[in-house]
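One chain, chain A, appears in both complexes that follow, with chain B as partner in the first and chain C in the second.
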Partner chain A sequence: MTQPNVLEAKNLMRSFGGGTGFFDRNKPVIHAINGVSFEIAEGETLGLVGESGSGKSTIGRAVLQLEKPDSGSVKFRGTELTTLSPPQLKPYRKHMQMIFQDPYSALNPRMKVGNFVAEPLVVHQVESGSALTDRVAELFQTVGLDPSFMSRYPHEFSGGQRQRINIARAIALNPAFIVADEPITALDVSIQAQIVNLFQDLQDQLGLAYLFIAHDLSMVRYLCSRVAVMLRGRIVELAPTEQIFADPRHPYTQSLLAAIPVPDPDRKHRPRIPFNVARNIPPRDAPMIEVSPGHYVLDQEIQ
Partner chain B sequence: MKNLIKDLMRSKAGLIGAILLLLIVFVAVFAPFLDLPDPTRGDLRARLAGPTWDGLFSPGAHPLGTDEVGRDILSRMIHGSRVTLLVATTAVVLGGIVGTALGIWAGYKGGLVDRVLMRLVDIQLAIPLMLLALLVVAALGPSLRNVVLVLALTSWIRYARIIRAQVLSLREREFVQSAHAIGASTMRIMFFHILPNVLTPALVVGTLELARIIIMDSALSFLGLGVQPPTPSWGRMLADGRVYISSAWWTVTFPGLAIVLTVLSVNLFGDWLRDYFDPKTRNKK
Partner chain C sequence: MAPLLDIRNLTVEFDTPEGTVHAVNSLSYSVEAGETLGIVGESGSGKSVHILAMMGLLPMPPGRIVSGEAWFDGQNLMDMSDRELRAVRGGQIGMVFQDPMSSLNPVLTVGRQLREVLVRHTDLTGTKLRARMIELLEIVGIPHPEARLDQYPHEFSGGMRQRVMIAIGMACNPRLLVADEATTALDVTVQAQILDLVRQLKQDFGTTVLWITHDMGVVAELADTIQVMYGGRIMERGPVSPVFRTPHSAYTHGLLKSLPDEGARAQRRLYQINGSPPNMANPPKGDPFAPRNPYATERCLNEVPPLRDVGDVPGHKVAAWYDLPALLAQENEVAK
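Presenting the complex of A and B:
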C-alpha cells in the first residue's frame, strides 16, 4: 500500500444559491461541499457514501473540473488542476473519466452507441479509420457487449447494457482514474452485482483507481479499500473498509451500518440506530482526528 | 419511419392534412407539365367569364373562370402556388437555420449572446410582425429575395426561443456533461450532442411557421409588396379581384380558397407532427 497518489483533493468548497440579483437575493446559500479533503492511491478504490443531497456528485464534478470548486485544491499526479484553463485541462481529461448514475440520461439518444464509445478516441485523435472501429469493437468485448451492437441507438438497450456502454466510453482512453457516481443505484438488483464485478475486473486489468460513490454501504464493502462517509457537505469519517464495518465511530456511520439489510436470520433484530440528520449539521471548522492509523473521524461527538 | 406512417394512418386530421398537402405540392411542382393556359396572357374577349364545365378539355376552357383581363384563374392559381410555396419554404428553412443556430448558441453558452438575443425577442414580440415586414419591404423594395428575407426575419425568433428553452434542459443532461468530461470542444458538443436532439422541435416549429408564413406572404402581395406582376400570386389575385367581388365572385373565391386549404392542410399536418413527437401526448395513446 505504498502506491503514490493519483489524486489529492484538499479543502474543497462549493456552495449554490444566495444570488446577488434582485430576485434571488433571499435564496439561502447551500454549502454543497464544505471543506472536503481526501486522496486516492494509484489503483485504489475509495468509497464515498452519504445520503442523497450530501454533496457526493458535487465532489465528483469538482474533482474532474466539470464544475470549478469555489476554493480548494485538486491535484492529479501532483499537478494542480483548479488553476488550469480548459485547453490546458484537455490532456488531463484523457486520464480521468466519469460514469454517471442514470444510464438513460447518460447516453445521447441521437448517437449510435458505437460512435458514442468512439468519441473520446476521436476527440483526442488517438485512433481513426478501421483502427478506430477495431478498438471500439475491442472495448465492447471488454465490457461484455456484442460488437455488432455498435450501430444501434441507445433506446434498444436495457439499463445494465447502457451502463456497460458508458463504462466502455469511460475506459476508451485507458484512464488512470474514474469517478463512478452511483453507477448501480438505478439498476435492477440482479444486474447490480454484474456491474460491480465488471468494475472489479477492469480494475485488475487496467490498474484503474476509482472514486466510487454510493448512497449506502452495502456494495461498497466488496469494492472499496477505504470508505469516506459524507454528511451534509462534510466527510465525517474516513477509514479502511474493515475499520468502518468493525469499529464505526461517528453516529452517522453507525446509523448507515445499521440500515444495511442482513441476510443472516440470527442477526435480523439488530436495533435500528436513529440519527437525525437535520439536527446534526457537521460544524464548519471541526477538525478530523486520527483515532487509529488511517482512521479519521470528525471531532464532533465521538462515541 | 414505419411507426410514423402507422400513426399518421390512425390520425384522421393528420392524414387529411398530409394528403391535401401532398396534392398541392404535387400540382405546384408539375405545373409546367400540365396543359394550362398561359397565366400571364389575357383574352379581352373573355374577361370576367364565369366558371364553366362546358368543353372542359377543349383548349380555351376556363373551368374556374377568368379575371378582369381575361386570364385563366385556375392557371394563375396553380402558378401562384409555385411562387407561394417557394417563398414560404425558403423563408421557413432560412429562418429555421438561423433561429436554431442562435437558439443553440444562446442556450448553451449563455452570457452576452443570450442576453442580447432575449432582448431582441422581447422587442420583436412588442412590434406587430406585419408592421415590421411592411417597413422592411418598403425600405428594401419588393422583390422575391427581399420578401423571403423579410419573412425569415419574422420567423427566426420563434425557433430561437423554443430551441433555447430545449437546450437549457439538454445541457444539464448527463451525456452533455460526459462529453465535457472527455474534453470535447464546445463546438463539438453543440454540433453532435445538442443539435441532433433539437431537430425534432425545430421541425415542428417549421411546419407551424409554414402556415403562418403562407398567410403573411399572401398579405404582403395583397398589399402590393410581394412578388411583382405579371408573376401570379394568391394575394395579388385577391387584391385585383376584390373590386369585382359582387359581380364576379370567382375572382376572389378561388384564390382565397387556395390559401385557406393550403394553410389548413399544413396546420393539420403540423398539429399531428407535434403530437407525435411530444412524449406527453404520445404516451396517452
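Presenting the complex of A and C:
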C-alpha cells in the first residue's frame, strides 16, 4: 500500500433506540455499529460484507456524514469530518458520493435525467450555461449513455440505464471516494457485469476509491482488493481479498465462504460450516489482532 | 411414466397502456416426479408469470391466458374452477414466493396461518394438528417452535419468516413444491440452510421441486435439470452438468461466462452481455436474444427458432439457429 489513505474511520459507534421519552424508555438500545475502524487508500476498493442488519449500510452513511456517528472519527484526506458544521462540510461533500441499491427510487420521476445529473454541478456552482450542458453530455458518454437521452424522463429507461444515470450524477463533481451500497443487487443478471465493468473503468480513469457494500461474495472477490466482514455491528475480519478467501480465520467468515453457491454442478456437495450468530455476538472490547501482514481478526472466544 | 407436471403451449399476455405485453409465448415443458427443475431467467423472461397463470393467481385483467394447458397428475389446472384450484394450492402443490413479509398476513400469528393450511387440506384436529404444526417448524429449523407458533410475522427475522413460508409450502407434504426466488432476499448463510433443507425434503418425501432463480450457483447446487428462459420462451434446457459444461444457447453461454470467476479475476474484466432485456410490448421478431447476440445470423433476427435436440445428451435442447459449440471452436482456432 504505497497510496495514501483517502478515508480513515476510527472506532465508529452508532446506536438506535433506548430513548428517554415515555414511549421509548423500554426500547432496547441497538448498537448498529460498535467500534468499527478501517481505512481506504486512494483508488482502492474495499468490500464490506456480512449478514443483513450487521450495520453495513449504517457505516456507509456514517463515513459520508449523512448520519452522524455517536462517537468515533472519520477523516477525509487527513481532515476530521465529524466535528465540522454543515456549511464547513459542504466542500468535502463534493469529493464523497453515494450510489444506492435501487436505481428506480433514487431518481426523481418528474425531473429530466439530464437535469438530475446536472443538479450537483448547479448546487456546487461548478458549471453553468452551455458549459454545464457540455459537461452533462460528457458524463452521459462516460457512463455509456447516448447524450441525446438527456431530455428524457426516468420511466423511459431500463434498470441498467437508470443505474448508469445515478452513476453519472455521482461522478459529476469528480469525487475521490464513492460508497456503493449494493449497487448491482437489483439489476438483471445480464446487466450486472456491464455495471461492474463500468465501476472498474471509472476507477481506472478517475482514480476513484470505493467502499463496495455487497452480499454477493463472488462479485466482492472479483472487484475488491481488501474485504471487511461484519457481524452484529463489528468488523470481525479484514484482509486482502485473496488472503481472506484462502485462509479465513474468524468462524463467521469461514461459515460465510462455505455458504457461497458455486456455479458448478460437479461441486454441489460441499460441506457447510455452521456458525451460531446468536451465541457468538462479537464483544465490544475484543481487540483485532494481526495474524499476517494486513490480515486482522477479531480476538473472540467462540462457543 | 407420465410426467407430474406437463405444460403445453401456454401463452400469456398483458394489456397495458403501452400495448399488449407478450409475457409467455407458446411455452411447453414437463417435470418428472421426483425431479428438481431449476428455471433461470431475468425480468420479462416469463418465469414467474407462467407459474402465476398455471396456479390461477394471475390478475385478470390486465393478464390474459390466450391458450395452453397445465396438466398436473392427470388433471388440467386450466380447466379447474377457483374452488378446485384452491384445493390444489397449498395441498398437492406448495408454493414459496420471494417476499415473506407480503405473503404472510401481518395480523395473524404464524400458528394461525399454518393451521389454516392444515385445516383446509388435511383431516388433522386438536392435539394432532398442533403437534404437526410444531413438527413443521422443527423441520425447517426454527428454534423453540412451540413458543414461536403464537408469535406474529414481525417478530421473526427475514430468514425465519422465509422458513415459515417454506413450512407452510411443505405443510401438506405437497407432491410439487414451487419456489420463486425464495432465497434471493436472504443472507448466503441462511440461503445455504434453506437449500440444504429442500434437499432433505426431496430425499425424505420424494418431493418434486420447481425452483425459479436468477442465480446459476443455486441452480448448480439444487437442480437436476436447468431451463433457461428469455423473452417468454425456453432458450435452453437439459441436465445441469452438460448444460453448464457445453451451453448451446448464446444466452446461457453469456450468463455463465459473465460470472466473476478465476479467469475474470486474472483478466480484471468481466465478460458482458451488451444491451438490455427486450421490451415485451414490442418483442424482437425472431429469436428474442438475437439483438444482443454476437453470434446471431440473419435468420435469428427474423424467425423464432424451435426448441431442438442438441444430439449427444438426452434431454438437452436448445432454441437456436446457430451451432454455438462449433462457433466457439472456430473462435478458439482463430485465437491460436
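Remarks
The working rule: the second predicted complex is superposed on the first by the 296 of 303 C-alpha atoms of A that agree within 3 Å, B and C clash if a C-alpha of one lies under 4 Å from a C-alpha of the other, contacts with A are read in each partner's own complex, and residues count from 1 in each chain.
Convention: a contact is a pair of C-beta atoms (placed from the backbone, for glycine too) under 8 Å apart; a residue touches a chain by one contact, two chains touch by 3 or more.
Bear in mind the structure is a predicted one, so any value in this text is a computation, not a measurement.
Steric overlap between chain B and chain C is absent once the structures are superposed on chain A; the two fit side by side.
With both structures placed on the common chain, the touch criterion links A:D134 to neither chain B nor chain C.
Contacts of A:S105 after superposition on the shared chain: chain B is touched, whereas chain C is not. By the touch criterion defined above, A:Q161 lies against chain C but remains apart from chain B after alignment on the C-alpha atoms of chain A. By the document's definition of touching, of the two partners only chain B reaches A:L89; chain C does not. Which of chain B and chain C touches more residues of chain A is settled by the count: it is C. Of the two partner chains placed by superposition, A:D70 touches none, neither chain B nor chain C. Contacts of A:D247 after superposition: neither chain B nor chain C is touched. When the two complexes are laid over each other on chain A, the CA centres of chain B and chain C sit 80 degrees apart as seen from the CA centre of chain A, to the nearest 10. Taking the two complexes aligned on chain A, the least Cα distance separating chain B from chain C is 7 Å.
Shared contact residues of chain A with chain B and chain C: none. On the side of chain B, the complex with chain A involves touching residues 173-175, 177-185, 188, 192-193, 196-197, 199. Here chain A touches chain C in the complex through residues 51-53, 158-161, 188-194, 196-197, 200, 215, 217-219, 221-223, 255-256, 258-268, 272, 275, going by the rule given at the top.
Residue ranges on chain A touching chain B, taken from their complex, read 61, 64, 66, 89-90, 93-94, 96-98, 100-102, 105-111, 116, 119-120, 123-124, 166, 169, 173. Residue ranges of chain C in contact with chain A, taken from their complex: 42-43, 157-158, 187-189, 191-193, 195-196, 214-223, 240-241, 244, 251, 254-256, 258-261, 264-265, 268-274, 276-277, 292.
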